[in-house]
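As structure tokens, the structure follows; a few thoughts come after it.
The first chain written gets the first letter, and so on, giving A, B, C and D; residue counts start at 1 in each chain.
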Amino acid sequence: MKGGIRTTGIPSKEELEASPGYPSAKALVTKPMVVIECVQDIPCNPCEAICPNGAIFVGHPITQLPVFYPERCDACGRCIPLCPGQAIFGVDMTYASDKAAVSFPYEFLPLPNKGDVVQGVNRAGEVVCDAKVLRVQRPKSFDHTAVITVAVPKDLAMEVRSMRRLPRA
Amino acid sequence: MRIEDHPILGKAEWGRKITLIVDGEPIEAFEGEPIAAALIAAGHRVFHYTTKRNEPRGVFCALGRCTDCVMTVDGQINVRTCVTPARDGMVVKTQIGLGQWEDLQVCGEKEE
Amino acid sequence: MGRTEIAVVGAGPAGLAAAIEAARAGAQVTLIDENERPGGQLFKQIHKFFGSEAHRAGTRGVQIGRDLLKEAQDAGVEIRLNTVVYGLFAHHCLGLVCGDHTEDLQAEIIILATGASENALAFPGWTLPGVMGAGAAQTLINIHRALPGYRVLMVGAGNVGLIVAYQLLQAGAEVVAVVESLPCIGGYGVHASKVRRAGVPILTAHTIVRAEGENGVERAVIAQVDENCQPISGTEQNLDVDTICLAVGLSPLAELAWMAGCQFTYIPTLGGWVPVHDQDMQTSLTGIYVTGDLTGIEEASTAMEEGRLAGLAAAETLGYLAPEEGERKKAQVRELLATLRIGSFGEGRAVAKGQIVKARCEA
Amino acid sequence: MKDDELICRCEEITQAEIKEAIKFGLKTMTEVKRFTRAGMGLCQGMTCGRLVMGILARETNQPLSEVKPCTSRPPVRPVPVSVLANRVTDDDQN
């Protein structure tokens, strides 16, 4: 098979859309929610345990792909820093008329500051847009994984998945 | 280079600052860290030259198994620097080939 | 000669878990490690682990290491650090190197948890300073906080290669590329995705052709490979790097098990020669148990469960656990182990592990 | 891998030397080690052992499952003789 996560490290559109953790375009426009980009049968289920609303189901065996129920998700984002694969993101299509807010886990230094304009990158690490930093969360419970929320053009909400690393001081 | 700050591990907590004499030059180290770590942090790459081909070798396994990082330390040859803790004033030399014993005191042969 | 009831060799995840279970059951346990710090490779695993809550998923390896150490101390395990086991002799006697002298230690049961060592890859220039094991780089950056280089080429896209590439970025180095000679990425896709998002290309069907430099690596030459893993001429590329990390697999570190006379079997999926063992992790020799990567290359999560299994079995053998209780506890651990060996990444290991036990029955 | 490539880093033995030795009829790792010194250096084959096993299997058309490592002997880590000779027993300690 050409393309796809096993050859490129990037989940393909087909892989993502076939995954039960990936909300439909229809659901996405209704409210903020998480997007689970977990496409391989790894034995792992912390996302299921931490969700206070039962919006994520893995079940048995724990290699099953997480099933996401958008209607139950209140976008609290607790699963984002916990996922050992950093495969969960937050997407808010309702953020503004022309912008969406995207949240992603980030484990590099230096961290950006709220209000900074950083470069949004896609799953291949390519810069696709400027992105204004809306929030940088790093409470103790996240165990050193920061969650950064940026505003991006709406049509890039399902493309931007991180930011270009900032140069070390 | 030292990694002072780290996104996961936080700010480094170094031990007591000490000095190693490496090929006659002082370099800064922290007490108890492996000699090899201090050398790598100081940008030192060649730890010994091989016996037959006189080729440079440096840290390869960093676990005390491969013996590529051996140097002459306080006169003792073939010291695996990746698992030997640094102590203040240690005299460390890039080992040439099999090296040469320099100070028999460390072998316990010197009579008091 | 010193004596103990259970001697555990190697204080990594498997050895620590074994020592904790056995000591909790009431046995006298001596845990021996050649390093200055216990924990094996756990303290350099700064990423969050996979698995379920029972496997401490979502917790970083370094924290699991701290937890296990505390548990071992609380359980009354005697931990002997800076102590090399240089030999395993008749009558369960271990030869120890402790600083300036040697000692003997005899144990009723010996649990070997000696782990694994990194495989090498020979190519022109592989002896230059700056070429090192991925584990070596990981030790330097995460334990000793010394950066071995600024521009790194990672060879191998299994989990070790991908994880260490990511951790090199976290430490402040640039990873110029990850090359993998196979047409597919061997490690978890999510690890590959993290590296890709950080801007690092993963070049499958590529290999390192040579390393060049005077007194250390100054550049690497990589090339595409054909179906037989041979470089295709004309596809060479020069990469400006000062460090080349090798992540081309691990082999069980089994010298002591060989020396003891344990029977072995060859299982490529598990890293080569592994000592055969039964459902309780006991080898072909009564009273000698094996656990962790020594019994086949897996991961820290499985190593901890296998360690627990060996620790429980050893305590049971010595009478510290009633047979029913022992069986019940062991069954729980086996179940936890089984859940880590399913799915496309685990099935092969489950089959291979079954072969080991089968080989033991036939031995 | 080219023939002039070093395989044993400690004793600086090339693939060519190992292949040449195998032509004399060597079939086991122990024979190759004694004949060529590959794996006889300071690290005792810790790094090159697996590479030599691969070459031996290929050159003798044996599956890898037929090639066992060299006999494992103490000490399994480099230990100064002065330390090995300084054996402390209970009698010394009491």
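Just so it is clear, contacts are C-beta pairs under 8 Å (C-beta built on N, C-alpha and C of every residue); 3 or more make two chains touch, one makes a residue touch a chain.
What you see is a predicted model, and the numbers here were worked out from it, not measured in a lab.
> Among all the other chains, which ones are in touch with both subunit C and subunit D?
Intersection of subunit C and subunit D contact lists gives B.
> From the C-alpha centres, identify the chain that is farthest from subunit D.
Chain centre farthest from subunit D's centre: A.
> When the contacting C-beta pairs are counted for A-C and for B-D, which pair yields the higher total?
So, comparing the two chain pairs, more contacts are at A-C.
> Where the CA atoms of subunit A average out and where those of subunit C average out, how many Å apart are those spots?
31
> Cα centroid separation between subunit B and subunit C, in whole Å?
The separation of the two C-alpha centroids amounts to 26 Å.
> Round to the nearest whole Å and give the separation of the Cα centres of subunit A and subunit B.
Here the centre of subunit B sits 44 Å away from the centre of subunit A.
> On subunit C, where are the residues touching two or more other chains?
Counting only residues that touch two or more other chains, subunit C contributes 34, 60, 117, 127, 170, 172.
> What parts of subunit B, by residue number, touch at least two of the other chains?
In subunit B, residues 6-8, 50, 55, 57, 60-61, 64-65, 68 touch at least two other chains, as defined above.
> For subunit D, give me the residues that contact two or more of the other chains.
As it turns out, subunit D has residues touching two or more other chains at 9, 46-47, 77, 82.
> According to the definition of touch, which chains form touching pairs?
A-B, A-C, B-C, B-D, C-D
> Which residues, counting only subunit B, touch subunit A once they are in their complex?
By the definition above, subunit B touches subunit A via 5-8, 10.
> Okay, in this complex, where on subunit A does subunit B touch?
Result: residues 107-109, 144, 146 of subunit A touch subunit B.
> So in the complex, which bits of subunit B are touching subunit D?
Going through subunit B, the ones touching subunit D are 50-53, 55, 57, 60-61, 64-68, 70, 78, 80, 107-108.
> What does subunit D use to touch subunit C in their complex?
1-2, 5-7, 9, 15, 46-48, 50-51, 64-65, 68-69, 71-77, 79, 82-84, 86-90
> Would you tell me which residues of subunit C are touching subunit D in their complex?
1-2, 34, 84-87, 89, 95, 97, 99-104, 117, 119-120, 122-124, 126-127, 251, 254-256, 258-259, 264, 266, 268, 272-273
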